[in-house]
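Submitted below is the structure of interest, expressed as C-alpha cells.
Order as written gives the chain letters A, B and C; numbering starts at 1 within each chain.
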C-alpha cells in the first residue's frame, strides 16, 4: 500500500512474485456498483492488488459531487486509478456532451476513460475519434469491444472485433476490454453457462496481443480458466470488491484451484 | 440526503426525474439480513433511493436493544422508515403477543409494520383485525400476500390473493407486498427459474391497482422485467443493500438493461 | 457480546436457547476471504454467534503483518478464535515449514489450526503427526477430510473418510471438517446441485459422531437440510460473514425455513 516496504504476514512462505503498480500486465480492474466510503476503506488493505476501479455504468450520476470526490480521493491515495463506466460515456455521447464529460472527469479526479459502444451505435471511426481526444487530454484510455445485449453481441464477428480493437489501439487505447458485464454470461468469450470459449479467447489474444487485452471475468471459474490459458498475468476486469484478494491468491497459486498449475507462460 | 439541494455529480447529464421522499410510487424497500453499523453507514449515501428498510424475519431478536436502536436511529436520520419482518410478527401472533409487539415497535422506533400470514395460518378476518389495530396506532402498514413454502403458495388461487389483498387494503394497509422471499424463486409471480409470470403480475396489477402493490424482486432481471411491464415507478421490495444504486440506475435508464426502453407508463 | 447480560431486542418473544461460547456443539465457523477492518467491525454485533473465523486458504499471505494482527485482535476481543486456512498449512508442509508456520501462528495470535490434505498428498500417518504436534503446542486443532478437486474427492471411499477421521481424532483433532469449499458443489456430502447426500451424511455422523463433525455448508438450503437431519446444534463451517445472523435465525426457528420444524434431536 505505502511506498516503504512493509512486513508481510507469513512472509516465510514462498509465493511467486508479481510486478508492482503501475503494472503493464496482470492488471486488475474492480467494478464499483456504488459502494460507500466504509466499504471503500475496508477494501484498501487490498489496494496493492487493484490497478483500476471503475465507477460502473451510470452509478456516479446518483451521488453528490462531494461523495464521488471523496471516494476518488480515497482510491487515488492508495495508488488506484479511477475510471468512468463505458455506458455513462455513451450516454454523454448521445447527449452531445463528450467534451463536458471529459472536462468534468478532470475536474473530479477521474484519470482513466473507458470508451465503449455497447448500447449505442457508435461507428468505428467516431469511436476512434473519441479515444484520440481522450488520449490527447492525458487520460489513460481503455476501449471496450462488445455489445451488452447478447443477441446483438453474437452478431459481431471475430474479425470485426479484431478490426475494431486494432483501430482503437491505433487511436491511443492502452487496453481492449472484452465485454462480459457484471454477470459474465452469454457475452464475448463466455457461453450461456459462463464457461470460457477457449478458441475465441485464443484467437483474440493472437490477433490483438494478450498484453493489450483485459478480459472482464466476474466469476472465479472464469478467472481460473483465463489464467490456465494465458498465465497468471492475464489482465482481468469487472472483479467484485470482495473478490480482489481471492483473485490474487489464484494468481499466486495459493488457492486450491490454481495451486501448482500456473506457469509464468505469459510474459 | 439532507434537505438542502446538493450539487450532484455529472449533473449535466440529463436523466429522468423521480419523485422525492416521502414517495407514493416507485418505492424501494431494502431487506436487512442483520447488517452492522458500518455497513449501514456505507449505505447512507444511497438513502435518497431507499424508502423503507425491513429488519428481515426474526433477525432483530438476536441483537441487543442498544444495537437495534442505533441502527434504526441511523436510518431515520436519513429519512428511511424501518419495518419489522412479517415472519417475526407472525411468531408474536402465535405467542399471543401482538399488543406487546406493537408497543415494543413504538418503543424502539419502528414506524412501519408488515403483516403477513406466510408461515402461520391467520384467517383473512384476523389478519384484517391486526392491520386495523396497527393502522389505528399510527403505523405505516404493509400487508403481504403469499406463503413462504412454494407448495402451499401454489395452492393460493389468483382470486384468493386478490380477495385477501382487498380485505387488507380496506383494513388500512398502504401497500400489498407480493411475497418472493430473499431468493425470488417458485413463489408468487416468479417461476422456478425466477422469471416473471407476466400474466399473473398483470392480473394482480389490474385487480389490486399497481400503485398499491409492492413486488418483492431480489434479482436484477426481475426488477427489469417489472419495469418493462409497469414502468419505472413500480414499487419494489427485498432489494439487497448493495443493489440499491444499481436498481436506481435501472429506473433512470442509465444502465444497459433499461437504457431507452422505459416509458413513464405507470402514473 | 460483552460478559455482562445485555437487554436483547424484542426479548419478550420466546425462542429456543442455545449454549454460550465456548460451545461444544452448534459451533459456527465463518470463512473470511480477506475482509477489511470495517467489514470486521460491522460483523461484531453478531460475535455471540461466531465461534471461529478462518482466514481462508492463503489469503493472509497477501496482507501486512500489522493488518492481520489488527484483524485477529478485533476478533479475539469479541471471543472469537481465529484459524488458518487448511490450504495454507499444506503449502507450508510442502515447503518444509510446518514448525515455522506454527511458531508464526502463535506469534500473530492464531489459536486454532486446521490440518487438511485437500490439495497435497499427505499420508494419514503424517497428517496425524502434524495434528499431534499442533495439539501439543496448545492449538485448538481441526482436521479436514476431503479433496478440493471433485474428481479426486469422489475417489475417497466412505470407509477411507471414516478411517482418516478416526485417526485424526485419535491424534488430537477436536473436530473433523467435511470439505465443501466456498462453493458447496460436487464435494463431500453435496451433489452437483449442492443438495445434501443424506445417506452419506448419516453414515459419517454415525461412524464419527455428530458432535465431532463440522459440515462446511455455505448455502442456506444446506444449513437447513443439515439441521432438519441432525437438529439445530449441528456444527457448521464456511459460513459467509453476511449469513451469520440468517444462520442463527434458522437455528432458533425464527425464519420460515425452519419455523416449527426443528427438534433438539441432537444432544
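As a working rule, contacts are C-beta pairs under 8 Å (C-beta built on N, C-alpha and C of every residue); 3 or more make two chains touch, one makes a residue touch a chain.
From a predicted model like this one, the values you see are computed outputs, not experimental measurements.
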item	value
Touch-based graph of the chains, sorted into line, ring, star, complete or other	complete
Fitted rotation between chain A and its twin chain C in degrees, CA, nearest 5	120
CA centroid of chain A to CA centroid of chain B, Å	34
Residue numbers of chain C (touch at least two other chains)	38-39, 42
Contact set on chain C toward chain A in their complex	33-39, 42, 56-69, 87-88, 91-92, 95, 97, 100-101, 104, 108, 118-119, 148-149, 181
Parts of chain C lying in touch with chain B, wherever the complex brings them together	1, 6-15, 38-39, 41-46, 48-49, 242-246, 248-249, 252, 254-257, 259-260
